[in-house]
Amino acid sequence: MSEPLLEVKNLKKYFPIKEGIFKRTTSHVKAVDDVSFTIGKGEAFGLVGESGSGKTTTGQTILRLTEKTEGEVWYKGQNLHDLSKEELRKLRPSMQLVFQDPYSSLNPRMRVGEAIGEALLEHKLATKEDVRDKVLEVMELCGLAPYHIDRYPHEFSGGQRQRIGIARAMALQPDFLVADEPVAALDVSIQAQIINLFSELKEKRGLSYLFISHDLSVVEHLCTKIGIMYLGSLVELAPRDELFANPLHPYTKALLSAVPIPDPTVKRERIILKGDIPSPANPPSGCRFHTRCPYATARCEEEVPAFRDLGQERYVACHIV
Amino acid sequence: MEHIVEVKSLKTHFQTGEGVVKAVDDVSFSVKKGQTVCVVGESGCGKSVTALSLMRLISSPGEIVGGEVYFEGRDVLTLPEKEMRTLRGNEIAMIFQEPMSSLNPVFTIGEQLIETIIEHQLVTKKQAYEKSLELIKKVGIPRGESIMKSYPHELSGGMLQRIMIAIALSNNPTLLIADEPTTALDVTIQAQILDLLGQVKEEFGTSILMITHDLGVVAEMADYVVVMYAGKVIEEAPVKELFKNPKHPYTKGLLKSKPIMGRRQHTLYSIPGQVPNLADLEESCYFSDRCESCMDICRVRMPQLREEADKHHVSCWLYEEVVAQ
Amino acid sequence: MKQFVVRRFLQMIPTLFGVSIIIFFLFALVPGDFLDSNLKLTPERAAELRALYGLDKPIIERYFTWLGGVLKGDFGYSLQYQESVTSLLGKYIWNSFILAIVTLVLTWTIALVIGIVTATKQYSWFDGVVTLFVFVAMAFPSFFFALLMIKVFSVDFAWLPIGGMTDTGSTATGFAYFLDVAEHMILPVLVLTLLGVGSLTRYFRTSMIDVVHQNFIRTARAKGLKERTVIYKHALKNAILPAITLLSFELPGLFAGAIIAEKIFSWPGVGSMYLGALEFRDYPVLMGFTMFLAILTILSNFLADILYAVADPRIRLK
Amino acid sequence: SGSNDTTSEKPSETKDITKISDVVHKAEDKTKIPEAAKKRKDTFVAAISKPGGVFLPHFNQNGWDGNVYSVMFNALVKTDETGKQVPGLAEKWEVSEDNLTYTFHLRKGLKFSDGSPLTAEDVAFTITLLHDPAYAGFTDITRAYIKGRDEYKKGDATSISGIKVIDPETIEIQTEKVSVETLELIGGSVLSKAYYGKDYKKGNLEYLKELYAKPLGSGPYKLEEYIPGQEVRFTANEHYYEGKPKIERFIYKVTSGDTKLQLFQTGETDYDGFTANAETLEELKKLGFANINLYTGSAYSYLDINHKRSYLKDKNVRQALIYGLNRQQLVDAVLQGYGTVANVPISPVSWAYTDEVNQYKYDVEKAKSLLEESGWKVGSDGIREKDGQKLKLMYLAPNSGGTNDIFIPLAKENYKELGIELVPELLDFNAQLAKMKKGDYDLASVSTPMIGDPNDAVGGFHSKSPANDAGYANEKVDKLIEESVSVLDIEKRKVIYKDLYKELGEDPAVILLYYRKILNAHNARIQGFEPSAFTGILSSLPKLQIE
Amino acid sequence: MVTIVETKKEKMQKLQAIQTFSPWKSAFRSLRKNKFAMAGLIFLAFMFIFCFIGPFFSPYASGATNVAKMHQPPSSTHWLGTDQLGRDVLTRLMLAGRISLTVGLVSMVLSIFLGTVLGAIAGYYRGIVDSIIMRLADILMSIPGLPLLIILGAILAEWKISPDYRIYVVMLMLSVIGWPGLARLVRGQILGLREKDFMQAAEVLGLRDRRKIFHHLIPNVVPILIVVATLSVGGAILTESVLSYLGLGVIPPTPSWGNMMTAANSLMDFERRPWLWIPPGTAIFLTVISINMVGDGLRDVLDPKGKR
């Protein structure tokens, strides 16, 4: 493995749940609960998981958009959560984020050109004279047409907005990109274009990714290492090929079986997860997945499975593996 | 099977500084009772605008400038506002593409769910509350009670999307318009939602007009597929026919672009070029710029949508006899 | 939240101290004192009186004397009215208060309705007429409207009394008294409302225009809600949030702003008394009333902050 | 008086400006009396501005409270229509040969409104009270120079030696210095010793505050109710020494300047005073039911001159300032003709008035030559200068009063023609006075209050007077002033004043502007009205009747 | 394919012409297309010309009084009649406009600037900065204006500042003490805006606070600023007359719209001499209206959605 660019150690993020008129904190949503992984330079790490399992929160906490509850995030040898505001700001261009919801992440009163170009000027990556060219360049790269440059976000379709978000992040030529469902809203053709762009940059510029998605086919295509999240924690972490060839955790298996196949004639056998979906505020005892696991035993109800290292960069948290 | 919705030559345009954006231009299609029609197409080609036009929810600077939309025989576009209102959320429900901004930030999820039910059904608040809880559970969100009390900003994207779905399903609509209902969901939940939609369809005979990019979902859900490009329908066919036998070069490109699990390629195929600017279109096949089998006529005249094979319509000069001459 | 409230409340104390110091010293800076306005006084007698009133002491000492009194609930003794400031203000403040409250309620109701209607029907003729009207109200000083109304309603049509709070020599009690006062209130309230409603209408209109373009309004419509519900429930609650801030300076503003109306309509409010106190440099009264306004302002700002936090779930309180 | 039949239509053309009261207009159509007024069968409503609620003579802090208490209290010595002192509670009084001892004889059977007797003891109590070290009112009793005052005020004496109660109806007061002010000071309103002196201890007057709002006097009316900011209500006093007033109830109603006329028009008030001008007069006449009075008041307006300024010490400059100011035009524009140019510092209504002084008719040429004479030459910018100093005068004016809009442009224009630049500075009244005390001004606009004794107006011109902030100094004037206050005989004083005014004309202390007319009107249903420049409605109040 | 590239290049060139990203600059560019805004601007320009150049064409520009001709109704010699000193109302109206327009606009700009910046800073930084600014605002809001103005008047008189300039000094000070209201409004909005996702996006981009505040937050409060701006122009013009009354504003005979109107403050003038108050009132009204039109236009231009 290449040298680690980002190291996440025991990251936790709890959101308080407040009740009553005085909004007293009654309990916590453990959105991210003890997550550790590393991403090497030029590596794409795929984060897959149930919706609400804390993927976005993980991404945002890593970039310190919300303050962590516990844990460390080492990036290029610095603990991001220890940096001063100004130090962090200086570091920002090198680690970018593509937001899950493109619309709300765009300032409604800012034209697309400025949205993409402002940070370039701010970090002196472009001059007033050439910023427009640079913006047009990156827009083209992300599948946006030049005439889009003077439009406002609401004048775009959902997919176009997503591309604006990508272009905005890419314009800064980051070393590390957290992409939160960057292609979910895109049609397949553009999707392909973006994924090609991502892998090209990965290869040519050594750009690293934390790629959050639930489209396993996309993840498979881009990522070399994949983490599966369930209810705030990683349940499985493995290199791509191993994971797809031999998923270990029951949840991973269920996920893989649920990917729809673009062929109306094929009907696949899905693993249907039964049982109630638990709440992150009040997670089940023992293995958090046991309420829905087809193979759950009594032990799973009581004992929290350790995130075991199985060697060859494979980790899993399951008693029965 | 009767038609629930018949869209005839719908035209929706936006007046902008750059000129008139013809987001939907002369679009016709129909949805039959109990059928699921999927609309696919390049992003920005007018799918959402079409859906919004059906609901008559286009707001300034957009305007529906022509066409008819028949819902159960009545022209939705000329219906008085009051009757239209009884349709919305009740007979026709819609799931919006961007759930985060589509829910009112200052009301709780519960309030927003309950009010929809109370508006269209003769139930007490209590009953509506029960029903809401049930819906939340149905769409796969745990801790319904505390979700009812949360505000939209406290939920994850996927959860919001499911709340939107719950709201749309709350009155068992005759027609459900779903604009990318599962994009924010992981596959297990997506499967669950798709199952749910299937169930609803079964149970209430609901017709679904679904907009999606996920060809896997299309393959799974659709009975019939409409492909749009630059504000126009360029191809439509029953789902199996379309996947088996795509005709329009754009459709072919789309199918080719889709990454498929287990079949990894070094680079994915993608259609070259850009969707043309909808504000400044010239008489031609709008796809001609990007088409690999572009002919001279493609650059000067627009092909008509015509039935090519059984129930398979396509709009491409490749299939017009005229060209052969 | 509780912590926020407590901390915010505690912050009010130093603020009030700050205000009292500034105000006290400002008044001390005002040229002339209570005795200067009396032309007939000989300088010896004036000096004697100055000593009796304690006006000859150094300002710091006077401040602490005053502060000492205030902490014991004693706001001092009016020079001009020869009465304790608290009881003096008590006599007038309620008259101003009812005027202010009624005006406040009216202004807000009217402004809300008009603001909403003009926003939803932006650029309609109604919007145009209201806008024109608002600007007319802005272009003429309040005394013009007061005089106009007196002329039309009291003199020409003789429907309403010209001024005062009750009929001359009236001995009415109970409901009759209430009616009497209500009748006398109509014109001043009308004038004050007219003055306040214009700007508020603009604020509401603007926030509404902003809100009705949001996606969630589209959602509400898609749910088939009545247009009324969409606007008055979904849009309004969002639009009213910024207005909460306005509410906080509206009430104190009304007390201060009613001075002219009170004068023209001979309304026995605190405004004209305040003007008189200023004219005669009756410091205790000035300090008392100003501190009352200050407390009112600070308290309403405090309430507005809390209300805002309660009303807008997105605001996180630290 | 009301019986005067001559109705002069053009007041400004009235030749004899000494005439005190000229009924301009009598109601023509009593049927026009508004219903609101007709309904009040037993009540007379007069307007008042801003009473403050201190209804105790000598303790009130504003003039309106004075109006209120004077309805309820009587003084030993009253002022009549011409400003002369005439018997009030005292039937008569004697002054000793040396003008130092005053003996008052009270009327028989005087009673306070609660029926208790009013005696010399009450008079003695009142005067003693005013000497109390804690007394913080505006009556400066020390200026009456009563014997033993300092021993009482500053020492341990328990009484004032100069006050002797001879019998219940006679009191003798010894003073140490002759002064024209003495009679007015000691002949003021009388307070009941039984009521106000019950808890009296020397050096502590706190207890009186309780009684400010509960007055007990001997005047024609007694207090029924005071509604702050709205009304003061009275009922007739059956014990009043001139007999119980015929109108049972009397109300002072608080009105605002903006709506006075409308309140009168609709019958809300029976009596009010108005700004005298042609339009108001015309409106009042149109009403038909108004009896209108127009007369010259006892006050006048002037521009104060700062004599500490070297350039204003020069008599020529001061004279030029008067000659060069078109005062008749000011009267015409500012007062719309409802006033008269003033040349002596006393109103024509006073016994001391004379017009045998320099009239200072508007004369630009004369003014210019006076300035030239003093060496003020016109500079390149049209402003005169001397020794490098420009003749720029800072003019202070109070922002209230509302005549600045008219006065300033005209005066500025007049002086500009002379080559003088007038730089106006508008200030709040109190601030203006403070600035004047500091001497930071050249000219300042002043309106006098009602002037009773002529000395009130000129006393401040004495070079040693503590009130002489302006720094005017003229030996002859000093001498005449001293003389004028040391004789009590009016005829003798008249002569002295004539000389004094002449001298003040030659060496002007101030720039006299004008005497204003006073305009008031009462509803014709009220009969027996004789308003006066000195006493307002007070002198006629007990005699009024409702038709 | 070749053709595509060509058209793209052409378009790029077309776009190169517009080389700016500032929302403000681009807004002003589009402002020119907004009919409303242009009408307002033209009207304002007209007002300025009327007031600043108009008097040169008036035979009564000296402001000389003529008591013999006082209170004349409009006629062919005096188009808007004469006032209580026989001065030409039309000429005074123009002269008055010089003061009133300047005062109105200058104080509007100043107070908007202060209020917005301070409010935005408080709302953006929150915590201690917010507490300090807001408590300061509380204090300023609690200090009644009238005594403050009287003090100011006395101090300015003390400093011997020429009455001609005093009004500007006062307007400046008024803005300095008048910011709290707007600051609170702005802060309230910013508090809500700063929680939006696009502010997180700005954070990710590593933008400086200044940029976040001025380019992301403040454009979003523009609608409210425009309302405040329109209101405060009218307010300032009228306040000026109150100030004049306290000796702080202009001093007679210098006219301003406000004091022309207050000079006609009795029912008598109201009924009998409408030519004294209708012209200044109308002038204020028209100014406020045109400012509002410009403001509305600006809002429409800055508000991407409100376009007509």
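Order as written gives the chain letters A, B, C, D and E; numbering starts at 1 within each chain.
Just so it is clear, a residue touches a chain if its C-beta (ideal position, glycine included) is under 8 Å from a C-beta of that chain, and two chains touch if they have at least 3 such contacts.
What you are looking at is a predicted structure, and each value in this text was computed from that prediction instead of being measured.
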Farthest chain from subunit B by C-alpha centroid distance is chain D
Decide which interface, A-B or C-E, involves more C-beta pairs in contact, and give its chain pair.
A-B
Once you find the CA centre of subunit B and the CA centre of subunit D, what distance in Å lies between them?
90
Centroid distance [mean C-alpha coordinates] between subunit E and subunit D, Å
47
Taking each chain's centre as the mean of its CA atoms, how far is subunit C from subunit D in angstrom?
38
Any chance you could list the residues of subunit D touching two or more other chains?
258-259, 262, 427-428, 431, 434-435
Can you pull out the residues of subunit A that are in contact with at least two other chains?
101, 103-104, 147, 155
Residues within subunit C bordering two or more other chains
30-31, 143, 147, 150-151, 213, 215, 241, 278, 312, 314
Per the touch rule above, subunit E residues touching subunit C in the complex are 126-127, 131, 134-135, 137-139, 141-148, 150-151, 154-155, 181, 184-185, 187-189, 191-192, 195, 223-224, 226-227, 230-231, 234-235, 238, 241, 258, 261-262, 265-267, 270-271, 277, 281-282, 284-285, 288-289, 292, 299, 303, 305-306, 308
Interfacial residue positions of subunit A with respect to subunit E in the complex:
60, 63, 65, 88-93, 96-97, 99, 101, 104-111, 113-114, 117-119, 121-123, 128-129, 131-132, 136, 146-147, 149-150, 152-155, 165, 168-169, 172
Parts of subunit D lying in touch with subunit E, wherever the complex brings them together:
258-259, 261-262, 279-280, 283, 329, 332-333, 399, 404-406, 408-410, 412-413, 423-428, 431, 434-435, 440
Interfacial residue positions of subunit C with respect to subunit B in the complex:
213-216, 218-227, 229, 234, 237-238, 241, 311-314
Which stretch or stretches of subunit E touch subunit A in the complex?
8, 11-12, 15-16, 18-19, 21-23, 26, 196-198, 200-208, 211, 215-216, 219-220, 222, 302-305
